[in-house]
Amino acid sequence: MGIRVAVAGASGYAGGELLRLLAGHPEFDLVAATAHSRAGQPVAGVHPQLTGLDLVLGATEPAALADADLIFLALPHGQSAALAAALPDDAMVVDLGADHRLRDANAWARYYGGAHAGAWTYGLPELPGGRDEIAAARRVASTGCYAVATTLALAPLIAAGAVRPDDVVVVAASGTSGAGRAAKVHLLGSEVMGDLSPYKVGAHQHVPEIKQATGATGLSFTPVLAPMPRGILATVTAVPTGDADPRAVLAAAYADAPFVHLLPKGAWPHTAATAGSNSCHLQATVDVDSGRVIVVSAVDNLGKGAAGQAVQNANLMVGLPETTGLSVYGVSP
Amino acid sequence: MGIRVAVAGASGYAGGELLRLLAGHPEFDLVAATAHSRAGQPVAGVHPQLTGLDLVLGATEPAALADADLIFLALPHGQSAALAAALPDDAMVVDLGADHRLRDANAWARYYGGAHAGAWTYGLPELPGGRDEIAAARRVASTGCYAVATTLALAPLIAAGAVRPDDVVVVAASGTSGAGRAAKVHLLGSEVMGDLSPYKVGAHQHVPEIKQATGATGLSFTPVLAPMPRGILATVTAVPTGDADPRAVLAAAYADAPFVHLLPKGAWPHTAATAGSNSCHLQATVDVDSGRVIVVSAVDNLGKGAAGQAVQNANLMVGLPETTGLSVYGVSP
Amino acid sequence: MGIRVAVAGASGYAGGELLRLLAGHPEFDLVAATAHSRAGQPVAGVHPQLTGLDLVLGATEPAALADADLIFLALPHGQSAALAAALPDDAMVVDLGADHRLRDANAWARYYGGAHAGAWTYGLPELPGGRDEIAAARRVASTGCYAVATTLALAPLIAAGAVRPDDVVVVAASGTSGAGRAAKVHLLGSEVMGDLSPYKVGAHQHVPEIKQATGATGLSFTPVLAPMPRGILATVTAVPTGDADPRAVLAAAYADAPFVHLLPKGAWPHTAATAGSNSCHLQATVDVDSGRVIVVSAVDNLGKGAAGQAVQNANLMVGLPETTGLSVYGVSP
Amino acid sequence: MGIRVAVAGASGYAGGELLRLLAGHPEFDLVAATAHSRAGQPVAGVHPQLTGLDLVLGATEPAALADADLIFLALPHGQSAALAAALPDDAMVVDLGADHRLRDANAWARYYGGAHAGAWTYGLPELPGGRDEIAAARRVASTGCYAVATTLALAPLIAAGAVRPDDVVVVAASGTSGAGRAAKVHLLGSEVMGDLSPYKVGAHQHVPEIKQATGATGLSFTPVLAPMPRGILATVTAVPTGDADPRAVLAAAYADAPFVHLLPKGAWPHTAATAGSNSCHLQATVDVDSGRVIVVSAVDNLGKGAAGQAVQNANLMVGLPETTGLSVYGVSP
């Protein structure tokens, strides 16, 4: 008899990936999945890739989730706080949305608006002390996709004092699933194929999360929509403080992390190699002309960037090995 | 202690997918992988998506494979027969290539050329009696990707006498991984993105395999290269002999097949829903204008079309449930 | 001083392509463009590729178009008839929609529904007598994209008696722009990239147009959505009546057609080669196994399949060379 | 009778685009095209999108080009200098390769190696004085694709003193045609679709060209290969020196440039809108968190980034309006 889990907000892309992972998880029993506007429909009608999964979507309300020992919230930003407040105290909760990530209420107000629900334990196990904090928590705010890609590349360098925190420049490109499943003209296949398109330039809502998680104090972050369904490639540059080898810093930080791989010298991360996995690939160098440290990271935005990360957190919360039911290997080509 | 398995020809796309499946298989121990020109290199250098898999490629020769109980051959067409002949008699062998699929030596000579190595047990478990034959075999010729997509759509209809075998028209489009990993200008990303390109029109080497497996006697088969990495969509049309409902015939044929899914009425297979899985999705109707039966099937050419199919066969050969280590669910979007 | 032209329904993909062609046309002056829901916006805000074109969209009503000598209608199916009826009698009109293509009111009722507006001169210049009819017409119904790809491949063979008209099988795949610019979940980039997806299988509304234009009496037509923005590849098979060489028939039919190219033997059409052009590429063979004639055609669905075709018709109507302002050459890669 | 032009190195992607532009140019007569390994083949066999162009490729040697008034060199880097030296003195030459771009022999030696051929007039008309210099030149080194995208975004800001030249960070992603047409495994469609892949991180050969053209003294430049055939999106960030509005600086710099478009506030450049055109789209803002200036530019790497730029230069050299035979508008979707 496994641990009973449920998913609220299962009709989006992160929700679908979460269902895929949970359906194949050896210790979790998927007992319920809900979706606001698709309640009553079989999962396979909403996610044809899950054909064979015999489950009907329920309405997104506390009663539909009450049977579960652990509940995943995969709702649009701003919608999980209210639902979370109505869930039983003894249920463990992993929120894939942004509602409980920020400790700074002002930053929440500025980038998201509305009341700040308060911060939960931040769900990035690879941060120092992360595993223990998550294992002890009943409520975990899983990371944003851009934040995880940037933080894994940058946080150890700032923590080690190897780079200055006040002049960080990040350009990160994401596959279109990161923009969600709502029908919008600018996300049509005809518009995105063959196209690279920057958005929210100069003021992206992920900036406060990235600063909080990395310790950066000055951050220029430009996101770009790329013509592929999945994947984030983050190019992170910062000014070194001395001669520390950024590869050595990263290698030490992730020596025991099963999902974070510093590639051999000369090999650079690329997104396809992480698709379908929970892995993050990293590489670093020092730019010969500018002297800046350049770190590149690649993740699957729906994997380590969302659903895989959430399952990793859930594994820790219930005392399982963090790798249970997750794949280190990508599905490629 | 699991069953010891090895892969010969591990540097191509089917080989990489096979390694991914075997590395995650709960009952198989991957003890060796070989590749002609990449011998001595770590697997992750050739397949970055397998970063974390600690294995070095060996040379493709019998000695490198001798430790295995079961050997997968993922070599170019025409190269597996010689290697197979040099393997120990007590090793089980699954060949992903074409060398041992055709029973008709003339068809081999016509479409492939060279000496005919003779036919092995044909590795499509969903054919009538297929599971038992494969379970009893020591040598299995796993199916071609186009053949599996077409055969699962068509064979039950011909076997049931529901359609005429002498006037079958198939147009099937494949993702580019089906064309292999050799560097060729017409397979460059710049050439294939945005492009649909037919090839070998009027005389494709998969025709005799499809005829053998389906019982078709007259077959027009046109393959098309499509701008995506994975997936085959086969549109199969044939002339009905009477009023049999093609959906009912297919439903009966696959009632006990865990990987073949006849979709609910009105839902049509599409390739993305099968990506990364070992599933085949099917749908059928009768064309209102021409009266022809139309069956559409979708598979992942590297999954049910190659590596997944090979693992399914191997599971049966060693007495495991056929689904062991394989996923019914696709990785999508 | 050129011929004054206007476009009604300029916010969709065909409308945008039409504006591009008209803005570069040496004899046409683009005096107005309208769009229902985008009226008042600059063209470049709706079609960023037309940045630099100084024109504001008007409301789609007769008054906004009255200044033009020739009016293009690029409206959704079912909407052009009403507008056309309200236009001045002395204005020439080219309709890119389906409203005036079908001569058979029953076929209209069955596939489109609503009142049948009556047929206009069919705008495919390459049909026998087509150029003269179009040159003499004041109202022209330009072809559908699937119809032009299929008709150019098939019509000469039926007209010459080289193939039987009663057993034609067509599978045609289209880029996503053929599905329009309305925001729909199944057309999102995340859904279409990596995906081949058949639709309206067994009963597509283009069947009556194709039958009317080709003379086919029995037609199985299966359309497939392909992961690319533009292009149609049609695979047309039919039963030969004798030994006529299909290449010879096609070569004769298009000897004087500047936009229809029978490729050299062994070269097969592919869509990317026609992107951005008004060309159709053709090739034909006889299948060695089935004996069926296979003809493959490629067009740009927005070019020869829509906007380019419309401009070609307009050129003929006003007495210009049919190639004026159109490109034989594609934009590739 | 037009100006006689020829293309050396016509079998690559830039060469193909150049042939397309020249075939449609109203004042240029394309009299010869050469290609090392494809000599003797018809152009349409090498570039199917140019079906209908009746021209056979010659061998790449001076005699084959001697008839032309103006010769375009579209050869691999390092190969044009030798050919150029053997051309008649009275022939005008536009080199699309890197051989004659760098004034600094040391930079050439460091990034390219081999003898430095010496610098020609740099072919970027939009630089201050550029048009006049090019109009007066007989030998012009046309820009690199990354250089043009970066320079148009950055040069006016440095020239105006609006940003510091010593701390510029650029991340630029290119479509795959920028990587050329040589058959390489990492450029196969199966590898690039769904993938973002950085390359030459920390030491790219375009750095000295960009520094020379922009006046930057400290430059971190990271190129990324993106899953699309065409297009470059450059994200350029720099530290402002004061309160100058970067939009105002750019608007002033390009007030008379027909191909460079500063988009309306709030609209950001994206690559698809420039595909097939000779345009560059620009937008700028100041990052709210870091205070850095962010400028984004989009070009077609084969258009304004290569072939279109070369034709624009040629137009100026022969005294034609710079826009002759070039399109401001993109082909999209």
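Letters A, B, C and D name the chains as they come in the text, with residue numbers starting at 1 for each one.
Everything that follows uses one rule, which is that a contact is a pair of C-beta atoms (placed from the backbone, for glycine too) under 8 Å apart; a residue touches a chain by one contact, two chains touch by 3 or more.
Protein names from UniProt, one per chain: A, B, C, D = N-acetyl-gamma-glutamyl-phosphate reductase.
Keep in mind that what you see is a predicted model, and the values were worked out from it rather than measured.
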item	value
Label of the chain whose CA centroid is most distant from the centroid of subunit B	D
Pair exhibiting more inter-chain C-beta contacts, A-B or A-D	A-D
Centroid distance [mean C-alpha coordinates] between subunit D and subunit A, Å	38
Shared interface positions of subunit D, touching two or more other chains	13, 175-177, 190-191, 193-194, 227-230, 270, 272, 275, 332-333
Complex contact set, residues of subunit A against subunit C	13, 175-177, 179, 181-185, 187-194, 227-229
Touch list for subunit A against partner subunit D, complex	167-169, 171, 173, 175, 190-191, 193-199, 201-203, 207, 211, 218-222, 224, 226-231, 233, 235, 237, 268-272, 275, 283, 285-292, 294, 296, 298, 332-333
Subunit C to subunit D touching residues, read off their complex	13, 16, 20, 23-24, 45, 47-53, 176-177, 193-194, 229-230, 258, 261, 263-264, 267, 270, 272-277, 279, 281, 327-333
